[in-house]
Every structure is written in structure tokens, then in C-alpha cells.
Amino acid sequence: MRHMAAPKLSVKELERLLSAESPKLFNPQSGLAIEAVWHGGCRVRRHFDPRSVRSGGTLSGPTMMALADFAMYVAVLGSIGWVPAAVTTNLNINFLKMPAPRDVIAEARLIKLGKRLAVGEIGICSDGEDELVAHATCTYSIPAER
Amino acid sequence: MRHMAAPKLSVKELERLLSAESPKLFNPQSGLAIEAVWHGGCRVRRHFDPRSVRSGGTLSGPTMMALADFAMYVAVLGSIGWVPAAVTTNLNINFLKMPAPRDVIAEARLIKLGKRLAVGEIGICSDGEDELVAHATCTYSIPAER
Amino acid sequence: MRHMAAPKLSVKELERLLSAESPKLFNPQSGLAIEAVWHGGCRVRRHFDPRSVRSGGTLSGPTMMALADFAMYVAVLGSIGWVPAAVTTNLNINFLKMPAPRDVIAEARLIKLGKRLAVGEIGICSDGEDELVAHATCTYSIPAER
Amino acid sequence: MRHMAAPKLSVKELERLLSAESPKLFNPQSGLAIEAVWHGGCRVRRHFDPRSVRSGGTLSGPTMMALADFAMYVAVLGSIGWVPAAVTTNLNINFLKMPAPRDVIAEARLIKLGKRLAVGEIGICSDGEDELVAHATCTYSIPAER
């Protein structure tokens, strides 16, 4: 229910803006998809890519960190509007179990949305599972001039 | 001086083992180079790659996180020997200033090297500069069976 | 509903054991109370104490950090039983807004409960409010010999 | 050598201001002493206090967290001058080994000193030892109006 609060930018608008303005981050090859956005959060997916498998048959840590950061970026932009110069100032991630080699889904939830700083937590699960494979907290700095 | 303590694996040995056993992580296209390894630490470089530039002309956060994680992995393996199943359990990173679009260098220093856990701190600078662009702490879990 | 799963130790048992064995941590003067325990989590309260007010009329950061750590300790013991030698290995806390000078309530939720490590997240609110004043993640190491 | 850069406030000035304006934090019973301050860092001591011993004969985690936060506060104030409304926004601490029941010493080093944010790392050792018992990173928010 809380998820129904309208975001400032819809999934379609975010996809269009990110593709146009941050094509290196978000493009058809990046494997990233935005599934839902609401005021204060979002759910994003990373499609399985054999290149991000590390030895042991699991997804690499950097793959998970990049996904957590992307989820937070989408949650921030969806909640404050298009401020692409927002930047990560801190990210803390705990790796909880080895993710299986398949899609992973991250859900971000903002726990503070101030004028200068946004703080969120991000849970990451393998597709179709409930148990977290990783959990992150992340702070973004929001530029004053916008 | 402290840097002179002999590692368990030399730069050459680490490069050969990583190339052979973790080719997705470490290969001629990954842009990563190991510059020095000593007992308890290492220095690694990420060659500039235009693909990791984000909007604003700076290197992306995930590029820095992946580099910090790689530096820690090399420092752990150099200090305990070839235990590739060592995995990150926690990484915390502070982004301090926008890195210029050029090579970045990470220096890792282990601050605990236990039987089950290794903890390190990693400073990242742009090539040729002293000021940190990012600073991370990282914990690796070392498997019991080896 | 998830909160109904039975813990290994009840509130009464935890209070009795902590008072007897960790009297410096938990005693009538510590201001700490355990409100509820379930498998995988707990809710604890810190009664307002004028001594923990810092300049500006808000509760001090160390007061919040100690509360987060205590909540995690109770959640771990409630879920694995009486293993008092469990120790914090990592705590990361984000301070989100100034807490008013009154009771604060922490709710801990374990996001991993392994044999060697437990990881949890802890949200802290002022009594009677929904908005978080602080949010922490915390890792405990569980000794092998028990 | 780097330690010789003059701070904005000396040890004597900091002690006087903290005692007068933050007497709950800094008073003869708090066990805290400022040993040295320089531009960008400081060294502080926490005198041994039997009340902060936890079961197992070691110092409690909250004791170490409070010390890390105090060291960072002193390093920030020593470097920017008397801005007591500076507040912690994030603290991440790794506990590396059990501290013996004696004095502990924290050394803080600022790794970023911006207009709005200061970031530092803090190493904590038992008195007379070199090995770290804990290591923290900490971010302070500096108010704009001063």
C-alpha cells in the first residue's frame, strides 16, 4: 500500500532518461531493468549474465554492489525527480549467502529523504526466493543547485 | 620498510593463478594490474577505461567498489596463499571526491589477519595524486577447509 | 505474524540471565528493557535518561549505538539460546534525524543466522513515532565451542 | 611530521570548551583525555574504568564506539574550529580483537575535510600496544550556518 505513493518519475520516464543521458550505465547490454518505482523506493532486476559468474558458480561481489547502487539511484531519482548529479557518498554491504547463477532482484527503500542527503536500505534476493543474498545501506548526496 | 615482508605469493604467481583460475575477474581486458604485494598488503592499478566514465566525466562508483574488492582479495591471497574460495562478507566505502578520468591506484592494508576473518582498509587515489578519492574497509571470510 | 515464531529464550529468561551474568550491561540503572523477543528479532527500549542528552537537546550518538548493539545481542541470544560469548564484529550506523529527548525503541531483525555469523538490521525510533532516527546493521560472531 | 600542522584549537582550548559546553560528554568522570591535536587528526585516551568491562574481561563494544566518535569529534573541531553542532551521520566500526582491561588510545585521521562533510578513520589500540583492537570510519555533517 505504501508502495502506491506516486513517484516523481515513472518507470518509463526513468528508462528513457537513463538511456539517453547515462547510456554507459543503462543500455540494452547492461542487463538492468526497472520493475517498479514508488515514492521512497523501487524494485530493479539484473538479468543473469554468464560474465558476472565468479569461481564457485556464484555471482561476483561487484555485480551485487553495482546493483545495490543502481537500485538506490533509481529510488532517489524516482522520489526527487531528475537530478542525475546525485552521487553516492557511502555504501555498506553485507554478503549473506552465495547467490545462485540466475537473475537477482533488488528492492530499495529510502529511510531518509532530506534536502542534502538521502539514505536507503537495499535488499537483494535471487529471483523466486525470499531469503536475502545481500543487504546494503547507501547514502546519496543531493546537489544544492537544481 | 614494513612493506618488505615477503608475501606467500609473488606478483607473478598471483597474476598467473588469477588468469588461469579466475579469467572472468582477471584478464587482459579487465584493466587490472598488480603492482606490488607484501605480507599484509598490496598495491593494484585500474587502467583508465572510457566505459567506466559516468555522467560528469568521473569514474563510476561501481568501478571504485570493484577495485577496492580486488585489492583486498589480492592482499588476502598474497598473505595467506592461494585460497581462492575466500569471499567478501562486508564492504564499506566512502566516496571522498570525484576521481578524474584516468588510472586509479588502490593500496590495501590488512588490519586483522585471523584464521577465519581478514579485515583490511583500502585507500584509492588517482594516478599521480596523494589525496584519496575513496576509502573502503572490507572483511573476507576464509574457509576452514584448505 | 512472522513475529510469532517462538524464540529460544523468552523475555523473562533473557532478563534473568542478563541481570545475573552481565550486570554491568543490564541492570535497573541501565535504562534498558526488553519488550518482545521472537525467533529472528526483538524490540527493546531505552528509557529516557537526562545524562544521555547532548548539546542541542538530543540524545547522544553513543547512546544510540549502544542501543543498536544491545538490540542485536538480544535478537541473537533469543534466536540461538544463551551464548553470551557472541561478540560484535561489525556495526554500521546511519544517524537520520535528531532524536527528541525521550524514550527510544529499537527493533532488530536478523537477516542471516548462520553457524558462525549472524547479521541483523536495527531500526531506532523515538517512542510514539514511526520515522526512524537511526538505522544500523550489525554482525555478531558466534563462537564454535558451545 | 604531518602531525605538526597547527590545529585551529589547541588541546587546552578544546578541553576548556568541551568541559564548559558539553559537560555530560567531557568531565573528570568521563575518563576521556585529549593527548594531541593537529590539523587533520588527534590522539585521545580513555582511562580504564571497571564499569566498561563486559563478561570475558574485555572492554565493551559501546565503550569503543563512544571513543571512536569522540576522537572524530575532536579531530573535526581541532581542524575547523569550535562548531559544536557538527554531528555524526555515519559510523562504521570493525572489532578486531578483544581489548585487554586497560587504557585504550584512539588516533583519528581526517581523510576528507569538505565544507559540508568530514570523513575520518580511527584506529584504536590498547595502551602500549601496536596492534589495532578496533578500526572505525566516521562521517560528520558540518552545519552551513556558522
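Each chain carries a letter (A, B, C and D) given by its place in the written order, and its residues are counted from 1.
Note that in this section contacts are C-beta pairs under 8 Å (C-beta built on N, C-alpha and C of every residue); 3 or more make two chains touch, one makes a residue touch a chain.
As the structure is a computational prediction, the values presented were derived from the model and not from experiment.
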item: Chain separated most widely from subunit D, comparing mean CA positions; value: A
item: B-D or B-C, whichever has more C-beta pairs in contact; value: B-D
item: Between subunit B and subunit C, centroid-to-centroid distance (C-alpha), Å; value: 34
item: Approximate Å spacing (C-alpha centroids) for the pair subunit B, subunit D; value: 28
item: Residues of subunit A engaged with two or more neighbouring chains; value: 89-90, 92, 94, 139
item: In the complex, subunit C residues that touch subunit B; value: 89-90, 92, 116-117, 139, 141
item: Parts of subunit A lying in touch with subunit C, wherever the complex brings them together; value: 92, 94, 96-97, 111-112, 119, 121, 123, 132, 135, 137, 139
item: Contact footprint of subunit B on subunit A as seen in their complex; value: 21-22, 24-25, 51-56, 60-62, 65-66, 69, 84-85, 87-95, 98
